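Both of the next two complexes hold chain A, though its partner changes from chain B to chain C.
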Partner chain A sequence: MLPRAEIAHWLFAAGFLFFALVLLAEAIVGPDVFRRRPWRAYLWPSLLLFGGVWLWVIAIYSTFSTLHLLAHALWAQAAIAAGVVQLAVVRGRLVAPAWSLVTAAGLFVSGISFLVHEQNGWLFARSAFLHHLIGWTLVVAVLFPLGAALRPRWSVWAYGFAVTWIAVSVMLFSDRDVAPIFGHLSELAGRAPVP
Partner chain B sequence: MRRAVATLLLASLVAPASGWAHATLTRAEPAEQGRLEAPPTEIRLVYDQSVTAPPDAIVVLAKDGARVSDAVTQAERGTVIRASVTGLVRGEAYTVRWREVSADGHLGTGVYTFGVGVDAPPPTEAVGASGMTWRDDVARWALFASLALLVGVVGIRLLVLPRTVDPRVERRVHLLGTLGAVAAVNAGIIGFVIRSANALQVSGVDLLYADLSPFAESTRFGTAFLVTTLGFGVCMTILGVAWVLDRPGLRWPAFLLAVALVWSYPLSGHQATEPNASILGQVADWVHLVTAMLWVGGVLTLAVVVWPLAPDLRRAAFLRFSRIAIGLVGVMVVAGTVVAIERLPAVADLWETSYGRTLLVKIALVLVALAWGGIHHTFVRPRLERGERPRGVRGSLLGESIVAITVLLVAAVLVNGSPPPVETGGSEAAPAASP
Partner chain C sequence: MNELVTTRTKAAEEPRVARRGLRVLTVEAIGPVTILGGIVWAFAQPYRVTFFYPEGKGAWDWFVQPPLLVVLVGLLFALVVAPGLVDDLERSSHEDAAAG
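And then the complex of A and B:
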């Protein structure tokens, strides 16, 4: 039996929130302090990698449309690639700040995957609105790793990246399968559950 | 002007589009792949959103292609489409082909089967489904080539090359192995979509909105697709972590997992679905695949990793691979013979059926590759043992690799082909469980 889509979204929301808090902690205290315990440096790249593997689970349960299957598979690969590269950066195998561009590409692919696989318009229902919003948030957030590649010393990129994931997490926690948005629910959107 | 265009673009992103919607089938009665004891009088499809029903929104077909469904009606605010059916009989299976036009104008499509007093055939055998096409062969070939990198190159690194090697060799093995895992997962997805499209009979945008779940949930190849997609995704991750942490030993779990995943192909192919399928045939098919991948991967490793990057390693790598290659090829040939005998019990099937003729082409190509390997064994090996550095070996190894990869193409055609029907000792042949 398949779980409801909103259950999967909430699970990922919890994961993203933890991920975001780790990033925020590092941004606030600075990498030097944060990495006094070496394992902490591996924390967020490992979470990214783990999230990518979990996305494979979502991908194989998304066969109800070819588009969903392809979007989630692409997203899973983007997350795994970004996670592996960031782990390699932390480990010292890759040193150039330009490797941050892989995370930028991963974010872009993730955003596009969100936008492409949402088949409904913005105000169709709450989940549709949030999919569009998350998609565009991720696309705009490409600026942060891009900035980190070009101006590695500016801490604003780290803050921006962390806040992006907090926003994504909040949006995913707000998701419901059939629920109105701003009081509006499309006539075509099926029947909302009785409160 | 630019500003106006930018403003328009931004405005288009936030414009409400409440009438733009795409629906998904949430429930079907009779159920997909269901078995009923009495003929139904109606087909009922429930969608998660309102849809428009075209005249052919539900078409129910008998085995002979005759339509047994009447005109459709809609209910529940357009979320339910119904069609009455007449003339269904016990002991027959039926195909339901459905279409809906969502509010966004996209055409959603799907196909499923149900049986009345009999088990329903898999959706790949729905009425109107086409057989395998060249696209299936190319996808299967890509899958085999990916496995040659993942199982073959990584396996040969672990089994043949010394524990410590030049870092450049290590890097290239990591690169090829990871590339193999990424390619395997994507070739699997593409192959699954192509095979589903054959049964759905749609392409382009319509295929993007097609429902593939009956194929994933009710067929052996769907189950294999789910398991291998997840498994190769894990392999990809393990290989990435092994590279990052510089822990070559971590490649063992990725290699062993990939070898185990190869098992899913015999379990979803002819070796499991033909009436005379046996455990021995499945094991033989698995062994045949794994040894073939190791053999192809070994030749590739020598040609594109050892020869160009590690001159000092050439002698040891060639001699060690040469020793295990004899065993690999022996096991591969014996296992392949067991599979061939099970699929083609009569010798005449070899030239009288297209499956047999394809097998003959494959055997001929394998003989070319083995002869090539034999030349290496006879002429190159003694010179390397004497400490000489013979020229032209890399080119020759690349040539053998190309022949081996061509063998994989013919193997892909063979796997997708239909073997001749098999007599099952007088009893009525059972339909293929789920190809």
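And then the complex of A and C:
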């Protein structure tokens, strides 16, 4: 018994919210205090890897549409790549701030995947609207890891990155498979596609 | 030295201590604020909580109820992440003070 798409989105929203709170806490206390306990240091790379594995599971079940399959597979790869790099950063194998560019690339790929795999217009239904909104939010949020690579001492990047995930979580929680947005819902939304 | 005249070290230390106090308060507040957000959401949109509207709902609807997920995330953060973080923040503050 497979869950509906909206239920999978809400589960990811809960995961992203926890992920965002952890990032926010790290931004508040600073990385030195945050990484004093190893389990905490490994928490967010682990969450990224765990999210990546779950995105592969979603990709496996997204066979109803090639674009959905490709988009979820791309997110899975982006999340796992970012997770592996963060794991190496936490272990001290990678020290250059420029490694933050991998996270920036992951965010950019994720944002573009969101935008490309939504084939309906912004006002078709709430799910279409949110796919566009999340896609553009992730594309704009590339600024934060990019800033962390160029100006690593500025804490604003860490706060911005955490707040981005809170915003994505709120958007995913708002997602419904078929629901109106701003009182508008296309007559075609929710109907079976014409063969 | 009295309450009006202090050493320069002490004067410089006070804002830093206040900043750490604010950080501790903020970290401690993250969990409860999230829990409160979930509870407010449940009251604002009760139809998103299956316990309130159980008719015609499937197993996944009982397992995944968005406002309750938010409460759960807040609880997880408040009980698992925040206490150790506050301890470490305070310990780091004491170590800094001891180092002068």
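Operating definition for what follows: the second predicted complex is superposed on the first by the 189 of 195 C-alpha atoms of A that agree within 3 Å, B and C clash if a C-alpha of one lies under 4 Å from a C-alpha of the other, contacts with A are read in each partner's own complex, and residues count from 1 in each chain.
We adopt the following convention: a residue touches a chain if its C-beta (ideal position, glycine included) is under 8 Å from a C-beta of that chain, and two chains touch if they have at least 3 such contacts.
Keep in mind the model is a prediction, meaning the values are calculated, not measured.
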Contacts of A:Leu123 with chain B and chain C, given as first, second, both or neither: first
Which superposed partner A:Val53 touches (first chain B, second chain C, both, neither): first
Partner chain(s) touched by A:Arg153 [first = chain B, second = chain C, both, neither]: neither
Dominant toucher of chain A (residue count), chain B or chain C: B
Partner chain(s) touched by A:Phe64 [first = chain B, second = chain C, both, neither]: first
Chain B and chain C footprints on chain A, overlapping residues: none
Residue ranges of chain C in contact with chain A within the complex: 23, 26-27, 30-31, 34, 58-61, 64, 66, 69-70, 72-74, 76-77, 81-82, 84-85, 88-89, 92
Chain C-touching residues of chain A, taken from the complex the two chains share: 1, 3-4, 7, 10-11, 13-14, 17-18, 21-22, 24-25, 28-29, 32-34, 36-37, 40, 43, 173
Complex contact set, residues of chain A against chain B: 49, 52-53, 56-57, 59-60, 63-67, 69-70, 73, 76-77, 80, 83-84, 87-88, 91, 93, 119-124, 136, 184, 186-191
Interface residues, chain B side, partner chain A - complex: 13-25, 48-50, 77-79, 102-104, 106, 108, 182, 185-186, 189, 193, 196, 207-213, 215-217, 222, 225-226, 229-230, 233-234, 236-237, 240-241, 243-246
